[in-house]
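Chain nomenclature is as follows: A, B, C, D, E and F, assigned in order of appearance, with residue numbering initiated at 1 for each chain independently.
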Amino acid sequence: MKTAHFILIFCLLALASPFAYASDPSPLQDFCVAINDPKDAVFVNGKFCKDPKLARAQYFYYSGLNIPRNTSNPVGSTVTPVNVAQIPGLNTLGISLVRIDYAPNVVVEGTLYVGFVTSNTDNRLITKVLYPGDVFVFPIGLIHFQFNVGKTNAVAFAALSSQNPGVITVANAVFGSNPPINPDVLVKAFQLDKNVVKNLQSKFWWANN
Amino acid sequence: MKTAHFILIFCLLALASPFAYASDPSPLQDFCVAINDPKDAVFVNGKFCKDPKLARAQYFYYSGLNIPRNTSNPVGSTVTPVNVAQIPGLNTLGISLVRIDYAPNVVVEGTLYVGFVTSNTDNRLITKVLYPGDVFVFPIGLIHFQFNVGKTNAVAFAALSSQNPGVITVANAVFGSNPPINPDVLVKAFQLDKNVVKNLQSKFWWANN
Amino acid sequence: MKTAHFILIFCLLALASPFAYASDPSPLQDFCVAINDPKDAVFVNGKFCKDPKLARAQYFYYSGLNIPRNTSNPVGSTVTPVNVAQIPGLNTLGISLVRIDYAPNVVVEGTLYVGFVTSNTDNRLITKVLYPGDVFVFPIGLIHFQFNVGKTNAVAFAALSSQNPGVITVANAVFGSNPPINPDVLVKAFQLDKNVVKNLQSKFWWANN
Amino acid sequence: MKTAHFILIFCLLALASPFAYASDPSPLQDFCVAINDPKDAVFVNGKFCKDPKLARAQYFYYSGLNIPRNTSNPVGSTVTPVNVAQIPGLNTLGISLVRIDYAPNVVVEGTLYVGFVTSNTDNRLITKVLYPGDVFVFPIGLIHFQFNVGKTNAVAFAALSSQNPGVITVANAVFGSNPPINPDVLVKAFQLDKNVVKNLQSKFWWANN
Amino acid sequence: MKTAHFILIFCLLALASPFAYASDPSPLQDFCVAINDPKDAVFVNGKFCKDPKLARAQYFYYSGLNIPRNTSNPVGSTVTPVNVAQIPGLNTLGISLVRIDYAPNVVVEGTLYVGFVTSNTDNRLITKVLYPGDVFVFPIGLIHFQFNVGKTNAVAFAALSSQNPGVITVANAVFGSNPPINPDVLVKAFQLDKNVVKNLQSKFWWANN
Amino acid sequence: MKTAHFILIFCLLALASPFAYASDPSPLQDFCVAINDPKDAVFVNGKFCKDPKLARAQYFYYSGLNIPRNTSNPVGSTVTPVNVAQIPGLNTLGISLVRIDYAPNVVVEGTLYVGFVTSNTDNRLITKVLYPGDVFVFPIGLIHFQFNVGKTNAVAFAALSSQNPGVITVANAVFGSNPPINPDVLVKAFQLDKNVVKNLQSKFWWANN
C-alpha cells in the first residue's frame, strides 16, 4: 500500500487559487477568544470576544490534523482549515493553518508541482516541484496553484497570514457563482465560446449548490 | 455622434479582475516623493524618497486624465493608471487613481454592468447596472468585473486603496502567463478540455508578449 | 451660459482645510456592511456590521454624484461626501469619495488654485493652478486649500484614504467652535487684536449653530 | 522667587496647534537605530538604520530635559522635542517626547488652560484647567491649544504617538508660510479684511525666516 | 529629609520586565471614549465606545500623578499606570503613561541603573546609569530592567506605545503563575535545583494571591 | 527503536520562552525578495529587495525540514528557523516557520506539555498535554513553554506571525546576557540568593559565548 508523502508547504494563501486580503490588526489584550455571532445579527470587523476570565485551554486547541482526508471529488483535493472558526483563541492574532490532501494525478514521478503568476506587469510564472520536507512561499494576493504530480496521495500544511483568510478558488468564483455571472461577460473576459462558458457554468454549479 | 457617458465608479480594485493586496503604511514624514529605482538594483518595500527640500508642485501633479483613450483591443477596454509611477508624491500615501475607457458591447440599453463574487464561503454574485453619476464599491480582494452594456463608449474613474495596486486580470494571469502554466493543471482546475486550454493559452499570448 | 469645468482633484484630504487622521485597518471578512449605531448608545471603533448573508448591491452603491450643488454660502463652496454614512459597504475598507462645487471668485482667468503648506520644519507653500483633467495630491495631514480662480463654477472629485475622514475646516474650528475658545488664547496664538477675534467668532457662529 | 509648576500633560500632539499624522509601523528587528540621511540624497520612509552590532547605550539616551527653557518670544512658549532626531534609537518605535515651557500670561489664578475642538461634525470645544500632577489627552489630529493662565512659568511633558510627529502650528502655517499664501484665499477662508490678512502675514514672517 | 529625584524615563515598556505587544490601530472617529465592559460578557478587541455626543473633558483627564507612592513591598517599586482603564478617552489612541516609584537600594552613589538585553541572536546587554532629566528608550518587546542605585527614592515617568500595554514581570509570570508551572519545566529551562524552584514558587505566591 | 511523534504546534511564538514583537507591514509590490545587508552598513526596517525581474523560484523555497535534528544540548531541544534569512522571498510577508525537536524527558506517558501565562493582571497559567495531530495557539507576547513529557523524541512545526520573529529565551536573556546583568539587580528581581544568581550566570554563559 502506498502512503501519502508529507510535505510542508509554507504558503500565505492556501487552496487551488486563493486570495486572502491582508494584514490583520494586533491584539489590544492578552487574547480575545472569539464567540459566535450573537443572535441579533450584529457583527464587528473580526469577532466579539469572550470574557477573558473565562479563557480555557480548549479555546486555543484543535485536534486531529494528522488524519488523512477523503479526496474523491472533482478537483481531487480537500482543504481542512484551522482558523478562527475552529480555534476561537486565534481571534485578533492574524494567523491560521490549513491541511490540504491531494489525490494523485499520475502524470510523472515526483510529488507536488506548485507555482504562482506575478501581477499584470508581466504575468510571469514561477514554479517548483516539491518533495517531502520542502517549504515554499506564495506571495500574498497572487494567483497560484498546487498540483499533485505523484502516484500517491500527498499532504501539505500551510500557514496563512490571516485569522480568517478569504479564500477564492478562481474557477469556482468565475464559473460557479450564485447566481451565475452573465455569460456575455465571461465570453469577453476569457475569449471563450458562449457554449463553452455555459457548459462550464453548469459543471461548477456543484461548487456552491 | 454619441459621446461617452461619464461614470464615477468608486472601486478599490480597478480592472476586469484585479486583486490589490492591502493596506499601505502611513508616512513618517510630511511626504516622501518617490525616486526611480537606483541603478545598482537595490530596492525597498515601496520606493526611496527624494530629498524633501527638493519637493516641487509637479511631483504631486498629473495632467490629461480628461482625454478619452483608444479602446480597440481584444478586451475592449483601456486602463490609464495614475499611481506612484505617474505621481511620485503618492509614495507612502496608500491611494491611487485610474481611468477606464470601455468600448460599447451593444447588448442592451443602459451603461455599465458591474459585479463581484464573494469568497469560497458561498461565491455569491452581487451586481448592479450603473448610470452616469453612480458610485459603486468593490470590496478589496474579491473577483469583480465591469462590462459596458451600452451602445456608446463609457468612462469610469476609480480610486484604489494602494499607491501601487497589484492588479491581476484573471484571464491573463491564468491563460497568458509567461511561460504558460502546464495545461494539465488548468484542465483539472477549470474542468476544461485540454484543446480548449491550449487554444486559450495561444489567444492570451498577446497579453504579455 | 457658462458651465462648470470638470476637474479631477485627487486628494487625500478634502475641504478647505481638512485633517483626516490616518490609516484604517484591513477588513477581516469579505466585507462588513455598516449598520446604524444601535439604540443603546454602544459604539465600536468604526461601525458594527450587518449579517453578511444580508448583503445587497444597494449597500455598495450611491447615486447622483453628477448633479451640481448649490454654492451660495459664505465660503462659496459645497462639499458632498460619499463615505461610510452614504455607502455602508465602505465600512472597514479605508477609502471614501467627495464632490466639491466651487463658486467662481472672478480673480484671474484659469480654474482652481490649490496648495498645501509643509509642517513646522519650514512651513513651505507648494501651489499649482489646475485645469480640467488635472490631478493633484495633498499629502495627508497637511493644511491645504482650493480656490476657484475662474469666472465659472468648478467641480472637483476627491478620493480620501479613510472610510470616515475627520475633516476640519481650520477657520470654523478655530473661530466657530461651540462654545467659543477663550479670545485671549486666540489673541496670543494668532497675534490678532481682541476685537478682531471677537468679530471673527461672531461671524463663524453660523458654521455650527 | 516663583518657580515653575510641573505638569504632566499627556498628549498625543504637542504644540499650540499641531497635527501629527498617525500610526508608525512596528519594527522588524530588535531595533533600528537611525543614521543621518546619506550624502547622496536618497531617503526612505522613516530612516536608514545603523548596523545593529554597533548599537550603543548612547543611541537610546538623551540628557537635560530637566533644564528650564527661555520663553521670551512672541508666542510665549518653547517646545523642546525629543524625537528620532535627538534619540536615533527611537527609529521605527512610533513614539516620542516633548518638553514645553510656557511664559505666564497673568490672566487668572490657576495653571494651564487646555482644550481641543472636534471635527466638522459639530466643532465642539472641550476644555479643562490643569494643575500640577494632572494628565490630559488630546485625540490625534484635532486642533488643540494650551495656555498658561498662571502668574508663573509652567512646564509640561508630552508623549507623542509617532517617532517624528509632523507638528503644525496653525497660525504659522496659515499666515507664515514661505512664500505667503495668496491673501485672497485667506480673506475668503477666514472672512478677514484684506489689510488684516496682510498685517498678519507680515507679523508671522518671523516664524520661518 | 531626602527627597526623591525626578527622572523622565522615556520607555516603551514599563516595569521590571514588561512585554507589551505592539501597535494599536488608528481611530476611525475623532475619538472613541471607552465604556466599561457590558454586563453580558461580550467584548471587542479594545473597548466599546460611548456615544461621541456625550464626550466630556473628564474622560480625557487624570489627576494626582505628582503624588509619591509607597514602595515598601518585596520588589521595592510601585507602578502607577495611567492607561485606558484610568482615562477612557485613550481608547483607540495607542499610547499610555506610567509613574514608577523606586525605593533606594543603597548600593553606590548615582540614581537609576537601567538596561535591556537583545534577543536570541546575541543576548547583548546594553546599560546606562541615569540622572535627573535623562531620557532612555527601551525597544519594544525586549527584556529590560530599572534599578534604583541611589540612596533616596527615585521616580520615573514612562510613555508606552499602547493604550493597554500587556505588562509582564518575568519573575512573577515564571515563578508566581496561578496555578504554578510544573517545577520540572522550570528546572530544565532555568537549570535550577528543584528545591530552589519550589522555594521561588512559594516566595512569588504573594504576587497573584 | 522508538520514532519521534509528529505534532503540529501552531504557535505564534516559538521556543522555550520567545517573545516576538508584532505586526509586520503589508507588501507594496508583488514581492520584495530580501538581499543581504550591503557592505557599507546601511540597513532599513526589514530588508532591501532584489530587482523583481531577477526573482527565481529558489528565493521562495527551502528544503530539508523533514530531517530530525540533534537534541543533545543542556536544554534538550533544537529550533530550526525558516524565516527571511533562509527564504529571502519572505521579506515583507509577515510570516515564518520553525521546526523544534525535543529530547524526551521521561516523566510520564504522553507527549508534549505546553502552556502560557497571562500578563500581570492575574498571571494565570493555561496548559494542555498535546498528542500527534494536535494544534495549539500561543497568544503573541505571552511567556510560554513546551516540554516533552514523553519517552521518545518529539517534533513540532510552528508558524510565526512575523518574517523575522525576535525570539527571546527568558533564561538565556536574564542569566546569559553578554556582559552579564549586575547580580544585585537579579537578586532583587528574582528574590534569589546572590550565589545562586552567580552560579546561574556561569551556567548560561554557554548560550552566547
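We adopt the following convention: a residue touches a chain if its C-beta (ideal position, glycine included) is under 8 Å from a C-beta of that chain, and two chains touch if they have at least 3 such contacts.
Remember, predicted model here, so these are calculated numbers, not experimental data.
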{"item": "Type of subunit C:subunit D copy interface by residue overlap (half), same or different", "value": "same"}
{"item": "Whole-Å gap between the CA centroids of subunit B and subunit C", "value": "26"}
{"item": "Gap in Å, rounded to a whole number, between the CA centres of subunit E and subunit B", "value": "48"}
{"item": "Subunit A and subunit C, separation of their C-alpha mean positions in angstrom", "value": "40"}
{"item": "For subunit F, residues contacting two or more additional chains", "value": "21-27, 30, 44, 46, 52, 115, 119, 124, 140-142, 166"}
{"item": "Graph class of chain-chain contacts, one of line, ring, star, complete, other", "value": "other"}
{"item": "Interfacial residue positions of subunit B with respect to subunit F in the complex", "value": "21-25, 37, 41-46, 162-164, 166"}
{"item": "Of all residues in subunit C, those that touch subunit D in their complex", "value": "15-23, 74-76, 105, 107, 113, 115, 117, 119-120, 122-125, 140-143, 145, 147, 166-182, 184-185, 188-192, 196, 200, 203-204, 207-208"}
{"item": "List of subunit F residues in touch with subunit A within their complex", "value": "6, 8, 10, 12, 22-27, 30-31, 52, 55-58, 60-67, 82, 87, 89-90, 93-95, 97, 115, 118-119, 121, 124, 126-128, 131-142, 157, 159-161"}
{"item": "Complex interface listing, subunit B residues touching subunit D", "value": "25-30, 32, 35, 38, 44, 46, 48-52, 54, 91-92"}
